[in-house]
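Shared between the two complexes below is chain A, which pairs with chain B and chain C, respectively.
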Partner chain A sequence: MDILEEITKILSDILDIDDRNISPETYLIRELGAESIDLLELAVALNSRFKIDVNDDEIFLRKLRQYITKAGQQNKDILQYLAEKIPFLTRKRLEDIITDLEGGPTLKVKDLMAYVEMQRNGN
Partner chain B sequence: MQRRVVITSVGVISSLGFTAEEIICNLKNENTSFEKSIFDDEVVVSPIKEFDVKNFAGRFKDKRYLNRGAQFCVASAIEAVKKAGIDKKLLAESGLFLGTGPNLDIGGEFPEIKDGEIDRKDLMALWMLKFLPNTAASVIARLVGIHGENHTLTTACSASIQAIGEAFRKIKHGYIDLAFAGGGDSRLSKSAILAYKKAKALFNGMDDPDKASRPFDKSRAGFVPGEGGAFFLLEELEHAKSRGAKIYCEICGYGASIDGYSMTAPEPEGKWAERSVNAALQEAGLTSSDIDVVSSHGTGTLLNDSMEADLIDRVYGKRAPFIIALKSWIGHIAAACGAVELAICLACMQNSYLPKIRNLDEPCHDRLNFVREEREYPIQSILLENFGFGGQNSALIVRKY
Partner chain C sequence: MKFTGNRALILGGSCDIAITLARRMIEENLFPILTYRNEKGRDYILENMENSPKKFSSFYLEFGTRDSMNSLFSQIGDDINYMVDFVHGNFESLVASADADRIYSYFAENVSFRAEVVKRVARIMLKNKRGRLVYISSSAAARPNHGQGFYAAAKLASEAIYKNLGLELGGQGITTVTLRPGYIDSGRGKEFIQTHSKEVVDKVPIKRALTKKEVAEAILFYLSDSAAGFNATEISMDGGLTAGK
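Up next is the complex of A and B:
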């Protein structure tokens, strides 16, 4: 099962949008307008289609900003701290996220793919 | 000065059509959609074929939470909004009053249900929204930007007339100037059919589906379920005039009551149902002799029709108004029956046309003025009656403006 293809199908279904609006670089919240209720459905769908255990907080990077604040408070290297807390994203991706924070929620389709990949390999 | 309330937009999704023109044309040609249910060939239904809410509302993600009845609600409300021609500011001020039913499609929603276990991997996170009665209201409000006072009424078959009646009073008494009101429902699913069949309320067993819905006929044997929805823009008269709105009719009276008698059967004499009719007449400042047409509830069940025939006989006495029974054309749309019947009544008023009661071969009451042949008639006033499970009674009076 191609992960991107399957995630695209799930997203187009849940958000009722065309496949062509979805690529690995698409922002879920910023561009596709996904709301909390949509993310709930997304977690259920990912769980069911990929047969993985989805932790909502982890996959949707809900604690991202909290982690960054904590790293600052504890005088830790932000990138290092994030890499420990969000192990399914590459350092390169985490660097991008850190520079992208001001634009709004950073979650992209490729982050979901990375999470699914990690969970499947873990199983 | 007493505030008056008029209807300035109509949106309807019915098995007779989606516009007044289509409805009149299909009434005149006797084009109905009665057929055997795909779930039970002893049962007849009146479905709306090729309905897709997307054709009315466009693509929207919340569709996944709408049961079929709620989809008719949303589609007809959007139609009424489109035809209303009011701007965003007025929409934001509008009220929204709906009659909705329960989602009885348990089997369709949980096909593998066993030992009370409904959970499965792909069960939607918010599956409950498909069962909550106010989901339709929430979706309509979001899609079109309505933010005024809102009620969802769930008073069985009387729900949508009560929604319209409550909106009428809110406007009349000055709480709001305009409101969308109506309802949508569908109970043709396997589980819904089972529910009414077990309750012995459904017509059961004749070979020709066209003959199944026969209100007030001696051989009537139960109702035929239909589906659809209708919404109206109700507006204070001066408000409507000041923006040059098209006025379809005036709403002049509303009444409601509850039997306190049985969970399903009507109180046999119609004592309390009569109270709702009299309350509507009183509010309208009319007497029974001012009513041209009674749009009866006329379900085709033994109990309703005998109760209702006696009630009409008592209320109107010798000066018998024309009696129509629209369920002989569209079946019984449960919570939405009143709204859809009002939409058809307005089409008839506009076209000075009275449709016959289909299949009325031998009337169950000999003094009443049942419309047995279609005819032209300059309708000035109509009293609509709806009586529902649980002893819910309602009546609404509309008058040509």
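Up next is the complex of A and C:
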């Protein structure tokens, strides 16, 4: 089973939803309605399934808005700053996130996949 | 008593009540895992549990030393069904005369460190969707004596951590209870009771201190399936000490 399949299975179990509703582009909070307790269970399940360390703040992009504010306060390039702070996401994804902020929490299934890949590779 | 789980982590496993509890756990077919903070504690556990080889294990854990926490969790594995937390550092000082550095280190060891341990155990329990934690607080949390301000504050803060865990994860099968024993004729309390026996008799409505066996038995009950309805709460076990004026 690949990473997407595993994550899909975990999410459908935790959120009690049909796994056909889950793709890499699915928003966890905006679309699936994941709440903080669901995210906690998700972090624990990812740790168990993939044998990786999971930092909840990192994987769920909890400090994203804080980073953006800090970059602004320090007159730094936001994209560059985010790339340093959130190394598991590509620049393209970070650009998309920045333009998508007004719509609400930006976390997508593919972000979880990227985090798992990074941790698996020991980066 | 009926227990759905088997493996029980006992923090502060070298105190007499913990050892009494561990022995009772073995009788109930539970597997206690006792922690100690130094060689003396380790030896004390081994000496007092020698009649039950292979029916328990023991590991080093010193509150305030994160390496010891990492080492503990790398060794105990992913199957912890129960936790009983006896650990608490002593710090007797009037609030207005306490050493400032000691205040910071005391709360780091007794509150922050505990919070991380509880977090890690909770995540292990979440994987199995089951877990029961009993925190051993003190009647001093409700009614401290002079000099017990920091001790009581750390106890109350720790109680809050356990209470919220039960509140947040009760739906996931993880529940908590805080027990507040009063005077116990064991450990730190023993010497006090021996030198202040009249005071204890006068203050406690049942006219005696608790025994370690009574406390261990109560803890075992609160871990059992029969006590599953107790969650996110504090229970006084002090012979009535804190009930009246």
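Operating definition for what follows: the second predicted complex is superposed on the first by the 121 of 123 C-alpha atoms of A that agree within 3 Å, B and C clash if a C-alpha of one lies under 4 Å from a C-alpha of the other, contacts with A are read in each partner's own complex, and residues count from 1 in each chain.
Note that in this section a residue touches a chain if its C-beta (ideal position, glycine included) is under 8 Å from a C-beta of that chain, and two chains touch if they have at least 3 such contacts.
Keep in mind that what you see is a predicted model, and the values were worked out from it rather than measured.
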Note to self: What does the overlay on chain A give for chain B and chain C, a clash or a fit?
What the structure shows: clash
Next item on the list: Scan A:D77 for contacts with chain B and chain C and give back first, second, both or neither.
Entry: neither
Note to self: For A:E25, using the defined touch cut-off, is the partner it touches chain B, chain C, both, or neither? Pick first, second, both or neither.
What the structure shows: neither
Notebook entry, point to check: Now for A:E41: first (chain B), second (chain C), both, or neither, which partner does it touch?
Noted result: both
Notebook entry, point to check: Of the partners chain B and chain C, which touch A:I17 in the superposed model: first, second, both, neither?
Noted result: first
Margin query: With both complexes superposed on chain A, which partner does A:D2 reach: first (chain B), second (chain C), both or neither?
Written below: neither
Item checked: Partner contacting more residues of chain A (chain B vs chain C) -> B
Note to self: Tell me the contact category for A:E102 with respect to chain B and chain C: first, second, both or neither.
What the structure shows: neither
Item checked: Clash-bearing segment of chain C, relative to chain B, as chosen among 93-101, 165-173 or 237-245 -> 165-173
Item checked: Overlap of the chain B and chain C footprints on chain A, listed as residue numbers -> 37, 40-41, 43-45, 47-48
Checklist line | Residue ranges of chain C in contact with chain A within the complex | finding: 78, 123, 126-127, 168-169, 171-172
Note to self: Applying the document's contact rule, which stretches of chain A touch chain C when the two form their complex?
What the structure shows: 37, 40-41, 43-45, 47-48
Item checked: Residue ranges of chain A touching chain B (in the complex, touch as defined) -> 14-17, 37-38, 40-41, 43-45, 47-49, 51
Check: Which positions of chain B touch chain A when the two form their complex?
Finding: 59-61, 63-64, 121-126
